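Both complexes shown next keep chain A, but they swap its partner, so chain B is in the first and chain C is in the second.
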Partner chain A sequence: MDTTFTRLDGAQRRLSVYWLTIAFFAVVIAFGDGFWVTSVQGAVGAIERNDPPFDRWLRDSTLMLPLFFLAVLAAIVLGRRWFGGSRSRLLKFGATALLMVLFTSALAITEVAASSAYDYRLQSRDLASVHAFHQTIADTAPGATTTTGRCVGICAEKQLTLHSHMKALRIASVVLLLSNIVLVLWVMALRSDRIWRSNQVPARAPSEAAVGRGVTGAVLS
Partner chain B sequence: MNETSIEQTENETSRLDEPTKVTQLPRRMFLKLGAVGAAAVAVGTTSSLIVPELRRKGLLSANGVFDASSQALAALVYTEVFPTSPLILNPFSDPFVKPKAASPVPYSMWSNDWKYKPGPGIGQQNSYGDTGDPTDNNTHQRWKGYDTDPDIPLVYQIKAEVDTHSFTTSLVLPIDKNGRPTKSFDASGKVYPAGTKRKLPDSTIYGFNGGGDHATFPGPMINAEYGRPVIVRFENHLDENVQQLDVQDFGAPDRSLLIHLHNGHTAPESDGNPHWSMTKGPHHHGFRTKDWVDQLYLNWPAGSDDLEKQSFFWFHDHRMDHTGSNVYKGMVGLYPIYDPKEDLSVGPGGLDMGDENQGYRLPGVRTNNLDGSFDVEYDVPFALADFRLDDGVTMHQDIHDTQGEFPGPNGLDTPRTHPEWWGKTFYKHFPSHGFVGDIFTVNGVAYPVMEVKRRKYRFRFLDASVSRIYELKLMSSSTPPKAARDLGFTGDDLQGQYRLPNGQQCMQFLQIATDGGLIPTPFLRDSFELWPAKRREFIVDFSKYQDGTTPDLWDEIYLTNVMKMPTGRMWTNSSRSIPDPAYKVPMVKFVITGDADDNSLVPTKLRDLPFVRQDWQTLMNQRSIFEVERGALGGEIEWLINGDQFNPFEVATSLRNPARKTPLAQQKMGSNNLWEIRNGGGGWVHPFHLHMEEHRTMMRNGKIQPPADSGHPDDISKEDLVALDPGESTIIYRQFRDFVGPYVAHCHNLAHEDHAMMFGWEIIP
Partner chain C sequence: MSTTTDGPNARKVATAIIALVFVLWTLAAVITLVYWSGTVLWVLGAIALVGFIWILRVYLRPSAPEETPTDT
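Now for the complex of A and B:
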């Protein structure tokens, strides 16, 4: 255990971040975004995944937590590297917040897309069985013209289903972006003094440079 | 180094800090306090604004919050735009239509002239005849009920035909969703500028013709009597369309039909349910064009128990996947049923035979017709239905556009808008919430006027709407109804078109019956809810107001809907949730035109409830559990029961009950059981209908009844439809007698039923 903590502490120093702050960001954003991911699934998802949404939210958000942790970490580290030298506090914090919003939103949108793709796969499979007794395309209305060559029946329903998912994804993307802006700014307001660790400029500079080059191991030794 | 010391170092040296420490801490504190404060405000606002709304919709739970969010997203994903019907300019000028009793076919005619005669023989039940396969069930399972039944039932012939219907003779003003005058169109493509008053074109219906010149909406009314069986031969003539009418884009595309007598005690082959029709008989969603079926209504109470007698049925289409569109298109008929049996402990003569001098002495003056039918004056059915009329510019976005079922004039593309259908009925097959109209009709007429005498009437109410629930009151007003748009209302507030701004309740209803027939003890009501498919019967006494005064001649009283229901999901305002004093929509105007003899009595005691086994609670652990919920599957499969879509080829399976079993929805003939029907949430209400015998609600939300739940006072009676508020659960007592075979249970919000909220169950020998 001691070794683990020592390593974590070492990594924290190297990256000049507060784990607690990153964890706070990650938890808030993962569970906040998870709410929308679950909601989208409830709106357009497959019936096979019709389990209680609260349980699904807890499960999926928890599973996604490590990825959100990494996204937040990346945003903070890159924010420091790219904008740490700026004299403008607004630029430093604003750019880091923007990075965080972009990274976490991209991750959440990917999650929605993956969830929708899985739903679409399930739904496409089910449509065939549904068609067996819910549709009457074979029973053409008296006098109706044949519609050969067109995407009708299952084809059309799949298309419609796909369009629903695409539309839901577009809406979810906007909602996720907006909600992440609010969440990031909120956490930032609470933890702005705990985002970057102190920077003993002369001593830390090589370390930062090393991290930037991706040669962490060399610096550790 | 611990965090504090790091912070100290950082504060001293970091380039991120401000130059002076004097302002540093207050600003950070300010930010933190601001963040905490903002969160507190957000929580507070949520609590005050959203929580009550969630509570009202039954969504105030961990899962409910997600459901509410999903609903909001779904509303954005699935575009649902409805037209605003043109404003009827002269409401309450068309006379109220009371259907006359249909005439049976003379015995001499059907016994001599009909090629296929009704009868109990093998293959005689429908046009598919004897297929040699005994499982096809094209034979009447039981030809007689009582020993005293006549061998020969009364035979009616009802043809389903394409015809026209007019909702009003009034001129109309085309308006948009903001109530402003807008342009309109006609069938030839001519465009009329905004402000032009128009006459409505007739709508095309799939209607029932009970022997007259044409089909009507509602269809014929069969006045039936217990102990006098009836055969109705339903014939499908929907392919004939002799007037070459444009049948538009709703109604079963193959024009098949399946007729259900709701809720007659009938064998499956005469019940008209898709679990039967897909597995037997036509082996299809319904009876195709040129098919016929003899539906035998034995008019016989379940278990030969007089206490099981009912009083008001209706028959309607039940074609799988298109019940809503077929019913909306006109396939509705009425079937009051009377009881001529004498009970001397009540009084001489038939108990309830439409004669106020006999039995219970309920309002009604009976006239026997030469053809064997009879009419009853002062006994009036009210079939309520809401409609929308096409404005010519609203998109007909519908999943069925993708099916090629309703091709456009070029045979390929389904047009998205239909100016040529301006003023005709508009239907959307797949609304996420259900379908509600903005024109309210009674017996097929929008805003009729009914002349009444100062005496008692028996009113039989039926909600024949696709999704709308009504709450009705009797009101008088010092000022006439005003158009909602003239009062400044727009959007969904235009639903119902008219308001009675100064309306005040002036009379009460004396309730005498529910779906299951006469109730033991009549009771007074200020208002009552009417859910889809439900029936409620009342005595209304027009000889006095509730304050004891006598109405003057030409006094006007309005039957008024006070339940606001902008979507098919549930009401937003009603007396028992959040009353909206401005929402008073007059539907029928009663005008006092004189006096009439009245020999009817105000009953204090009517029919007792049938026996329920004393030890019913011992069945609790073994009960069958069915949960209705919302799912999603790209359109067609929107509504589920126990997580599954309707499969007409299978009997449903219960959720795990307290005995840890998942029994099939299969009951032995002669058995009884408890079924639990749960609303799985999502903020929808569900009128859940169970075919075959009436049930008794033994528990609602965990509480034993009686006393009945205040929101559902009709729970004290026997019913065929469970009214489920969001998140509610009911435990009902059911019996399974007299017939075997497949039946269904389903939500009677027809948009839900058509999208798979139904399950098959069966009675086995």
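Now for the complex of A and C:
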């Protein structure tokens, strides 16, 4: 147990990043992207998920917060490893910002896709039940295509639903990417001086070195 | 009464609690995503991945070269 504590503490020190900055990035991006996830769900989502949009936005964004935290942390750690040694400030922070935009956008697009998949499942089930309820002639294979290969009836309805989800996902991906660029640059402008701690020697080291030199001098003299 | 070890211990415990909450929270987020996107896909993907790794381990295992029979 104690080794786990020590390992955790060691990992925290080794990363040497500003946790508050990462949390700030994660909160802004998670709640910003959550707005688009809720919007897509409201526009093409299933009728079963009819909670008030504000509640849904708050709940889903809060739930996804740690994943955004990890995405931002990964971007910062990789950015420091790959571009931290660069003299150009633009390259250093620009590349880190780009990594952050890519990682968080990928995560947000995954979230929209997963939410759409859930909506599509619910909508397909509804379509099947409505179809069964309103049909007077028994359909032996609902959702089947005709002999010419064309999708008709419930199959066509499901296909239309799927197309609307795919279109919404495409539009949402572009919007998420653009809004993440704006959000990341905005937070970067506020906190770019506190992204990662420099790998310089800690302040107490010179005094330790001075003590060491003094001891060595005393021994040699 | 406080001792000199109280500070580091309290820090360790706080770190552990934060880490535990974070792990549980992350798990909840991942499970939500898996549930939304349908578990069948993920289960099939996991089975395919495990199968692929098993095939790699079994069939690409380095083996000693077979000895060729010598006619005497």
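Note that the second predicted complex is superposed on the first by the 170 of 221 C-alpha atoms of A that agree within 3 Å, B and C clash if a C-alpha of one lies under 4 Å from a C-alpha of the other, contacts with A are read in each partner's own complex, and residues count from 1 in each chain.
The rule is short, and it goes like this: a residue touches a chain if its C-beta (ideal position, glycine included) is under 8 Å from a C-beta of that chain, and two chains touch if they have at least 3 such contacts.
All values reported here derive from a predicted model rather than from experimental measurement.
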For A:Ala43, decide between first (touching chain B), second (touching chain C), both and neither. first
Looking at A:Ala117, would you say it contacts chain B, chain C, both, or neither? Reply first, second, both or neither. second
Looking at the overlay, what does A:Leu65 touch: chain B (first), chain C (second), both, or neither? second
In the superposed arrangement, which partner chain does A:Phe35 touch: chain B (first), chain C (second), both, or neither? first
Regarding the shared-chain residue A:Ser88, is it in contact with chain B (first), chain C (second), both, or neither? neither
By the touch definition at the top of the document, which applies to A:Thr161: first (chain B), second (chain C), both, or neither? first
Is chain A touched at more residues by chain B or by chain C? B
Counting only touches as set out at the top, which of chain B and chain C does A:Ser192 meet: first, second, both, neither? first
Could you pull out which chain A residues touch chain B in their complex? 18, 35-36, 38-47, 50, 52-54, 57, 84-85, 87, 89, 92, 123, 126-127, 130, 133-137, 139-142, 144-147, 150-153, 156-161, 164, 167-168, 171-172, 186-187, 189-190, 192-194, 196-201
Touching residues of chain A toward chain C in the complex: what are they? 4-6, 8-9, 12, 63-67, 69-70, 110-111, 113-115, 117-118, 121
Within the complex, which stretch of chain C touches chain A? 11-13, 15-16, 19, 22, 25-26, 28-30, 32-38
Provide the residue numbers of chain B that touch chain A in the complex, in ascending order. 3, 6-7, 9-10, 13-16, 18, 28, 31-32, 34-36, 38-39, 62-63, 66-67, 69-74, 76-78, 239, 252-256, 278, 284-285, 288-289, 320-321, 399, 402-407, 411-412, 629, 631-637, 640, 643-645, 647-649, 756
